[in-house]
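I've put the structures underneath this note.
Here come two complexes built around chain A, the first alongside chain B, the second alongside chain C.
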Partner chain A sequence: MNETTDGEAAIRVTVYRRRAGDTDPHYDDFDVPYRPGMTVLDILMSIRSHQDAELTFRHSCLHASCGTCGMRVNRRERLACVTPAGAPGDQVLIEPLAGAEVRSDLVVDMRPFYESLDAVGRPLLRGDEHNHDGHRLEDCIECSLCTSACPVTATDGRYAGPAVLAATERVLREPRGHDAAAVLERADREQGAWRCHLALECSQVCPAGVDPAGAIMRLRRDLLRRHLALHVHRARNGRRS
Partner chain B sequence: MTGRRGVRGWLDPRGRHSGMWTLVAGRVAGIGLTCYLYAHLAVLSLLTRGPGTWDRFVAIAGHPAFLALDAVLVAGLLVHAAHGVRVALQGSGLLIGARRSLMVALAVVGVAVGLVAIVLLFN
Partner chain C sequence: MRQRVVVIGGGGTGAALAHDLTLRGLAVTVLERGELTSGTTGRHHGLLHSGGRYAMTDRQSAVECVQENRILRRIAPGSFENGGGLFVAVTDDDADQRDEFVDACAESGIPTRLLSRSAALDAEPGLSPDVRLAVQVPDATMDAMRLPLRFFATAQRGGAVLRPFTEAVTFVSNGRSITAVVARDHMAGRNVAVPADLVINAAGPWSGRVAAMAGAEVPIRPSPGVLVAVTGRWCTHVVNRLHKPGDGDIVLPQRGLSVVGTSSWTVDDPDEVRVSSEHVRAILREGMRLVPAVGAASMRAAWAAVRPLIGATGSDASGRTLSRTFRCFDHAADGGADNLITITGGKATTLRSMAEATADIACAKLGVTTPCRTRDAVLLPHTAYYTSAEVGA
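For the complex of A and B:
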């Protein structure tokens, strides 16, 4: 079992490190004193307070509402504030979200993600306006865990990504003043809904119960129907002329 | 630094769920089948070397170890086909609410067909 230098039971933590100007990332190991009920965020705070004041990470609300502490814990996208740290003797690997530029250690640049959501229109509703189909995108906390987990984003930075496509599907269902035609046109591109390979990881890692994979499939079904209807319409017109 | 996982993001299922595992299995099977296609064409080219060469290959092809490779080929075909059916159905918006059930159903059918194929191969 891991122990600190004081003989306390500890969790061995391996943390991704990269600072501005570093050519390559590296990993640092820390033995963090175990406390019952501690979270991954508690681990990071402990490291920063007692072992390495330069460790950089982002957090805010501490209860899975803000989506700012998204990171990969043991290769899985998690919100650090609500992810159990494990037991004494466990080893925990902590890395930044994938598919985004690393600014410093565990902090990634979220601006491109937010900007892509802005382009769709961020379909947020008031609490008393929830729709009734059980797929409330307004639950999305914009943490980008889905984008990090998606295998397509691993190699293709142009892909719209699960969160944006889920937002697109929501806008189409209830435009509320948004330009639904323009939103749909963006989703109908090669790097839009058709780029999804159905790994379904986006829905698995979502901490808010949003189902981006389901939204993408519904979006593709709607797009398919539109294309089929268009082809039928053209074929009929062609026969008439 | 982009933080992209690159090809590893497509092929590393560690910490992932059933959807990712089926994606990886489908991809690996697809790569294997592509390699098999070229190997198959190379074997067929033996025909140009005359009946003696071909007969010697056919004698090797009946060996149990070679048949085991055929079983691997059948498994690869079934994995790739099952993944393709899943993607075609759900990618078209069908059976959205039955994602896990569809995977289980395809796995059961695949295993059953594979077992029958293996029995037929070795008999």
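For the complex of A and C:
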């Protein structure tokens, strides 16, 4: 079992490190005093407060609502704030999300992700089935765990990716002033809904129950219907002429 | 050359200050030791106060809340869940406070609508069958991070420089005047000196530490509260208990979660706050009295947020009687530094008015006469914070 130098029960943590401007990353080990119920984010805050004030990581709400503390914990996409740290003696590997440029340590550049979401333009608020006058926040918390976990985005940066396609599907279901046809048009491309390989990793890691894979399948259904309808229309017109 | 203001603290107050001062033509830099909104701001329950919560005990805060509630809805359209709020009586003692509460709301300018037991249950089926009556108020909910990001995004588009992961460490002074803030850029691992004509300390519960860098003191009482999120959206209104503010007396919906809050105590060090299982149990036990389903739902998270309340050390140990209003301290008057202001206290709903009051003082000190424009300037969407950033600057 790991112990701190004071003999307390500890969790051994290995953290990806890279300063802004460094070309190569390295990994640092820390023994973090164990407390019952602690989360991976608690571990990182403990390191920052007591061992290394230079450790950089993103966080805000601490309850899986803001989406800022996405990272890979033991090689799996997680929100650090709701991921149990484990038990004394456990080893935890903490790395930044994949598929995004690392700015420093666990902080990745979210700009490309938000630029692609902005292109879809999904509003932050949605209708509520219980309260038709009011609106509620969309389920997606823009954490980009799905984009990190997707094996297609990992190999091809041109793919729209699960978050953007899930946002596209939300605009189709509830346009809220948007041009749904134009949004669907963008999804009907090789790098759009058709590029998904059905690995379903996106829906597995989504911390907000959005089910991007399901959304992509519904997009394909809509697109297929549209193509079939167009085909039938053309065939009928052809017979008449 | 434009005069330079350095704001220390990238929470809601810093966000609104950056926006206000940028609109008044000043060159603003915000220094934040971690990610923006990672201190207190991002952790709050997301309530856009109607003011009802403070109507009976803290009239000034109640009036501030209802005024700012209206302004924020105007300048940040698309940010609020408009489910409304209910103040619910679940005991006879609660019900006895009905008239006092309704009168206090009327005197504060907060519109109310009285609901009978059956009308309350129709409006909010998630309520406890113990409900006696309810009073409806214009509470709403927000995303605790994304509303401040709209202020940051708009300020950034106007030229403000936002520096997350950059921690203020010392002041460079000339006599009694600060000339620069030395800060540690944790991303690059080096110190930077940011020149300043004026410095505003907006570090919330950490503002005592920042003021101490100039030898000044602020009477700040870091006052944590525990919040609990459970899976499932068990009410569509913000459900408050109709009584004087206490533990576990608010349940609100947030995306697919319900958030129950909160407790209140005071600490010396805002970085060392533990969430005790007793607080979690007590909050859920009380929350169940309002919305029973939260007691059976699975827990998603339990966390603490530290309020920056104003009060002398040794005053009220629970923090409950400390006012939720805000105060500005001009440290020219207390022997700190001639060009340092601290803004503290307040709450998320009043971020804009806190910034206005502080920016008025800052501008008076700098000789800037441009009036505040934040009551009417509509904010950019939160996504613009990311898409308009100069990454790697």
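Here is the rule we go by: the second predicted complex is superposed on the first by the 227 of 241 C-alpha atoms of A that agree within 3 Å, B and C clash if a C-alpha of one lies under 4 Å from a C-alpha of the other, contacts with A are read in each partner's own complex, and residues count from 1 in each chain.
The criterion applied here is as follows: a residue touches a chain if its C-beta (ideal position, glycine included) is under 8 Å from a C-beta of that chain, and two chains touch if they have at least 3 such contacts.
Keep in mind it's a predicted model, so treat the numbers as computed, not measured.
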Query - chain B versus chain C as contact partner of A:70, first or second or both or neither - result: neither
Query raised in the report: So, A:115: does it touch chain B (first), chain C (second), both, or neither?
Result: second
Requested in this report: Classify the contacts of A:208 with the two partner chains as first (chain B alone), second (chain C alone), both, or neither.
Outcome: second
Requested in this report: Spot which of chain B and chain C makes contact with more residues of chain A, would you?
Outcome: C
Query raised in the report: Looking at the overlay, what does A:20 touch: chain B (first), chain C (second), both, or neither?
Result: second
Requested in this report: Go through the superposed model and pick first if A:59 touches only chain B, second if only chain C, both, or neither.
Outcome: second
Query - chain C-contacting residues of chain A that also contact chain B - result: none
Report summary line: The chain A residues in contact with chain B across the complex are 18, 25, 74-76, 96-102, 108, 149, 151, 153-155, 157, 196-201, 204, 213-214, 217-218, 220-222, 224
Query raised in the report: What residues of chain C sit close enough to touch chain A in their complex?
Result: 34-38, 41-43, 46, 78-84, 141, 143-146, 165, 167, 184-189, 227, 229, 233, 236, 253-257, 259, 271-272, 274-275, 277, 300-303, 305, 381-383, 386-387, 389, 391-392
Query raised in the report: Once bound in the complex, which stretches of chain B touch chain A?
Result: 1-10, 12, 14-20, 23, 86-87, 90-94, 96-97, 99
Query raised in the report: Okay, in this complex, where on chain A does chain C touch?
Result: 19-21, 35, 37, 45, 49, 53-66, 68, 81-82, 103-104, 107, 109-111, 113-115, 117-118, 123-125, 128, 130-131, 133-139, 141, 208-209
